[in-house]
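Listed next: structures, encoded as structure tokens.
One chain, chain A, appears in both complexes that follow, with chain B as partner in the first and chain C in the second.
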Partner chain A sequence: MSDFIERPRTACALAGALAVIGNLPDVVPIVHTSLGCGGNLANSVAFGSGYLGGGYCNGGQAPSTGVTETEIVFGGTDRLSEQIKNTLELIEAKLYVVATGCMTEMIGDDTSGTVSTFIDEGYPIVAVSTPSFKGDSYHGYDIVLDGIFNKFVPVEKEKDHKLVNIFGLVPGYDPFFRGDLEEIAKLLKSLGLRVNTFFTPDQTFENIISASKASLNIVFSRVWGVEFAEKFKERHGTPYQISDLPIGPEATDKFISDIGEKFALSPDEVIENGNKEFYGYFERCADAFCDQDLKSYAITVTNSNYAIPVSRFISTEMGWVLTDSFVTDKLTDSQKEALKSEIPLIFLTGVTEIAKAINTNHPRNRAQRYFDDLSPLYIIGSTLEKRTATARGAKHMSVSFPAYDRFITDRGYAGYRGGLHLFEDLISQFMSVKS
Partner chain B sequence: MSKKIKQIAIYGKGGIGKSTTTSNLSAALSEAGYKVMQFGCDPKSDSTNTLRGGTYIPTVLDTLREKGSVNAHDVIFEGYNGIYCVEAGGPAPGVGCAGRGIITAVELFKQQKIFDELDLDFVIYDVLGDVVCGGFAVPIREGIAQHVFTVSSGDFMSIYASNNLFKGIKKYSNSGGALLGGIIANSINQGYSRDIVDDFAERTKTKIMQYVPRSITVTQSELKGKTTIEAAPDSEQAGVYRELASRIAQHETSSSPHPLELDELRAWAATWSDKLLELESGVVVGGEKAGI
Partner chain C sequence: MSYYEQNVPPVRDTRLKMGDSYSGCACDLVECGRSGCLLSQGRGFWQANACQMALSLMMATTVENSAIVMHAPGGCGALLHSLSVSSAKGKAQRGKAPLTVPWISTNLTEADVIGGGERKLRETIEFADKEFRPEIIFVVVTCAPSIIGDDVEEVVRQARTHVSADVVSLHCPGFRSRVVASAYDTFYHGILRGLKLSPTPWVDFRPINSADPDGELFQKKYLYQKSHTVNIWNATSIGPGDEKEVERLLNALGLKVRFFAEYSSRDEFRLVTEAALNVSMCNVHDDYMLKYLEEKFGMPYVIAGMPIGFEHTRRWILQIAKHFNLEKEAIALIDSEEAVAKKAIEPFVAQIKGKSVLMCGGVVRVGSESTALKELGLKVLSIRAYHYDEGAEEIFEDVAENLPDTPVAVSNQIFEMTHQIKMLKPDLVISHNGTQGYIAKLGVPSIQLFNADGTFFAYNGIYQILRRIVFEFKNTSYRDRLARHIKLPYKKSYFEEDAFKYIKK
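Coming up: the complex of A and B.
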């Protein structure tokens, strides 16, 4: 039996594509689908990702063909041509991405053929096929990256030996993508590298174009962006390295050492400075952390990108007792296999299923005199886990999509600074109750 | 209270003679005094050609595309003996969604309650050969046709298509959809074709409404842009169609079909293949008994 969709943790492939396009500089989408798709899908991320918003000519402003019954019966490519012409005339951009929805894919519109006539005329435009039946937003991320970087960005044989691209963090669906990318970029720059993050406010369209010059793609996901990175390697000859997002000094030391070794750059100074920074801040509040016994059992409920990094930080750096790590993405067996580590993961998506699993794994005290209670408990998940946490009397913090009980701007949990931020945010929840 | 309109859908493999049969059926029913509408459900939009002197009529969907809305009266054209002719139409081959087009056209007529307004006795849907998607199944779904007749020859592929149609009817039969009226056996000249269709009807617990022989009169009439009823009213073939029309007019109770499973159908076809081979090579049956 199929699952019903309730309180979803992702949207369709088109939504993933729109989240990517809307966070790239000077890139504008043209949505080829029925009325309503573009706005509604953009809103899922605009609100659900810590109030990320829409951006330039995205969200509610995204150009859309808004096909209706006439286009469904007779084909929608004429409407698409018209929409592309109007968009080219009215909206300034350096790249236009035509992304399809279910309706136009179901009726077999030749979107690529229509777009190719504009490409032949010299317009910067690509088409990507992103109907929901191809997968969820994480798949949309892979598809649209492939369309932009492997079909539009010109091949550059000569590589910049100090330039790296960062992929794997999915805009919107990794709510801290910007803060994480900025921290990673800062660290890699300290190491002596140049970095394309693409999705942070400092980036320009030049970063996208220069991506093919990079000598390494770092993919901060064992699952998402990997297929794209493989195709990138085939087209541009740039190898890729998969890495868990480093959170806190232990993971970041290792990450910096690995990259340093790869580029024959000494990591020592970066590691030393990073540790000085982290522990310089940490030691000041270590007394309060220990004396007030701010320890907790922890359960994580996140997407696959955050599951291992957050769980590791909580157990190894904060010393909390991690009892369950739920991964909420819909994954294939091979993707689950790729996530094998020292952290045992539980693959469940539904909010209720997860709540039930928590209650089954950790039964409550039924008036027993001696009982090994799972308390104090902290659930680090999405906003959807808030109710589960309340029912268990647990603390709760949102770090995964959807996160609409907090605002997110440049917050990030990657690196040394990110580790401090995660520690700070988690502990602050105890303090807010005390006051 | 308005009278009960009999709504019929004619299905069958492409090229088997659905439009020819449907148009002659419409013509014969009309001659018998019934008010008939023939509704072509095929993007080729040529179902009603022989009712209108071989001419094409503007389709529902073309009109919808040009004007944005359609008054059903604007797409109903009078044909032979006052038969109302409608063509759903559809997109050019290779683009858009023809199935959705059929849904749109049929729903438009249903919404405008045009059948009651015209005080019709019969609405006959002539549906495209292969029921490739849900759109082409619309006439057999709830609230449209009550009876489905399938046109089939003794050819295996034609029977395969009919069996598939039976599966489609069975699927909708529990939710108020149309039921199977019977098989119109078309192009039945060889004795064995009749036996094959009879055998198939028996196994699927349905009946043969009429055996229509292949006839040059039909071809001659069609070349003149007419039905056999109109062009050769006194021919034997016209009589066959009139008999069919009379049976369909009297037909009241359809039933849920009993399609064969694919394996059963193949096994059944294989037995017929052996029989036909024996027929061709002249195997003598019962020779031993006769002392040969």
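Coming up: the complex of A and C.
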């Protein structure tokens, strides 16, 4: 059977690259495709990631070569040169990233050759190869980070022993990337470190340039950004540490301890304050949470980055009964291996196949007099799971791409505060039906 | 060979004289459009936009009980998540089941791009048919399979022999045209080649039995109904509010109204020819389909602009009435409707008289609305049409006559719009969906040129447009404050030069 995908929960490598570029300070894409790609792909994240929006110069403002049949037949490098020249003249940026798409890769345009003439003239510009047939948005994330940090950012022998970079959360495809990054940065700063998050509003182009000075890369993904971090290590000599995104006190305590140990910094105060903060709020929730009998079975349907952190939080901190954790990324066997933990994962992508799997694993009552139903049930997934949940009579909340049924600004679920937010959002779904 | 017989539809660029890069006045635009010189114009700098695939998908998702097979690498369908959500809403607004469209990507990989994706396409179509049991499967062909030359039509032809759904192919590679409006032709080409457009005996009707004593009566009834039925051709920019308003007016003339092609089902498409007249609501939407229905089924059609504002609405209704010899009745209706509406808009007109406005969006709509608003006392500073083709000639002759000094641009480019807004400093921008955020960040009041949740056509339409303008002026604080914190990506020097400096003649 062919490897077609029902309703893919990601787009193409170019889309991943545009999501990264569009969320980095003073970085502008030059999309070497026909006019549609840049707009369509940026829009899918601009709306599908909790209405993230376009940003400084992405989406409908992104410079694009807009290749037509003429370029497909005769080659598009002349158009590309002209577009780069005029982009440099018109658009203010500190770095320009030329990203290709299917049609210009298929016709064999020498994109990097064209771009290198501009590099030779001293312009801050890099080229990345991001056709859809090479990989999805998560691959695009890796490719474009490699292009920016391993090709453009200068090597720095001297390291800053208190500086860390954060990678792994994929802009747009991890809809809470900004809120999560901010919370992680806040925690690490209170531990005494300096942090490059790159994708939050407080960051400047200086953070990108200073990345090579960092003494550690923390990668909040067991699969995405890892290959890039490996290459970063080769080029800049900065080691990396893979960590699951910590959500809630238990996970965050451990994360802070691990990082504290690595940098010989005492984690005690941060942990103590974090727990005081968390439980100061959390204990007050117990009355409603318990009196209203809100304990649920839970199924998660998320990307690989969120699967383990969310599953752990609802099991350990909320005491819900987790039955299935679906991971919707398309992964290789070794990537699946890397995701092994105490939480068993099911690797499926299609909306229909996941709904079927839920019904197979947990059959419905077929007129039995006594029946141990999977109820009350809560499905934590993407907007695509909403109808699956309705059909099962389950509660539903979107935490994964595509998330069209909620608006996200600085919301994040990482850390102590994030755990509270996740709890609050999940329980609010029960409360929102009251009138 | 007629376009209609070809497997792959023509793009607007080959079918009509058209263009997407122009700056000047309306009369020169009409001239340049006629002579074809528009075709050769382009830009030295472009910003990303949409493509004909995006609009083709927008239309396909509205069709009831359909499934979509994206014959593409994994990324092309990314927009479908949001499109199917808005189409589900459109279905609900029209009393149809608000289901989202299931879709599958053939997910072409590097190996497929080298070795061909035909087998994958066949298997995906078969899977979609079994899994979703749709009435129609749209096979959407994007750039990659078009370049490698997959014989999609042969796969579709074979699939038709053994899948239960009707298979409709939509060839819409973005590189073949920069003009998004090409999608209308693509979509209609797929429909007219892939669906049955005439009723099936015993399924859709009971053939008249000559021995039946009531047979003659049945036939008379049928012919009378058919001769008083009009098909109105809608589009995504035309919402249920617009449909209700034009239906109300034509009902008042004793005509039965049906809407095609969006939000129709396979069963409804079979009955499309059961009407006396096809009526367009926009000169650049559906001439391809209406001409086909005339050529193939002898159905007459009317393309008479867009019913926006009093004058255009009058013309639009009269053209239809003329076909049915109902002109006298139509004039009476129009006069009475105008009298009521003009009274109703008086307080709005008084508040917005003399305000300056920049118009941006679809060529027919911006042209029509500009002259309508000028009639009501607004000052149109400039008109920006997303593309221009022969179909819009009549509208722009009108613009040339009524707004001879108003600069006209053919542009969907945000940087040029930004320049114009900053330089012209309009009191209001009326603009296409997808640009409202950019305008807000410039601190300028704006309203949607169209919005499927609102009403823009005919009498209720003009009332609602004016009401919305007044509403917009009621509090502009959000934009005023927001704009103070926005850094634009364009260098300052650009704003000292011509907005259209990158247009190449």
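Definition applied: the second predicted complex is superposed on the first by the 429 of 435 C-alpha atoms of A that agree within 3 Å, B and C clash if a C-alpha of one lies under 4 Å from a C-alpha of the other, contacts with A are read in each partner's own complex, and residues count from 1 in each chain.
By our rule, contacts are C-beta pairs under 8 Å (C-beta built on N, C-alpha and C of every residue); 3 or more make two chains touch, one makes a residue touch a chain.
What you see is a predicted model, and the numbers here were worked out from it, not measured in a lab.
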| item | value |
| --- | --- |
| Fit or clash - chain C, chain B, common chain A | fit |
| Chain B versus chain C as contact partner of A:M106, first or second or both or neither | both |
| Chain B versus chain C as contact partner of A:K233, first or second or both or neither | neither |
| Which of chain B and chain C A:S34 touches, first, second, both or neither | second |
| Which superposed partner A:E69 touches (first chain B, second chain C, both, neither) | both |
| First (chain B), second (chain C), both or neither touched by A:K262 | neither |
| Which superposed partner A:T77 touches (first chain B, second chain C, both, neither) | first |
| Partner chain(s) touched by A:H362 [first = chain B, second = chain C, both, neither] | neither |
| Touched partner set for A:A11, first chain B, second chain C, both or neither | second |
| Touched chain A residues, chain B compared with chain C | C |
| From chain A, separation angle of chain B and chain C (C-alpha centres, steps of 10 degrees) | 60 |
| Closest approach of chain C to chain B (Cα atoms, Å) | 5 |
| Doubly contacted residues of chain A, that is, touched by chain B and again by chain C | 69, 71-72, 106-107 |
| Complex contacts: residues of chain C adjacent to chain A | 43-54, 72-82, 85, 100, 102-110, 112-113, 119-120, 123-124, 127, 131-132, 143-144, 147-148, 173-178, 180, 414-415, 434-435, 437-438, 487, 489-491, 494, 502 |
| Touch list for chain A against partner chain B, complex | 69-77, 106-110 |
| Touching residues on chain B, where the partner in the complex is chain A | 61, 64-65, 68, 90-92, 95-98, 100-101, 104 |
| Chain C partner contacts - residues on chain A that touch it in the complex | 1-8, 10-15, 28, 31, 33-44, 47-48, 53-54, 56-57, 59-69, 71-72, 82-83, 86-87, 89-93, 101-103, 106-107, 131-134, 136-137, 351-352, 383-384, 387, 402, 404 |
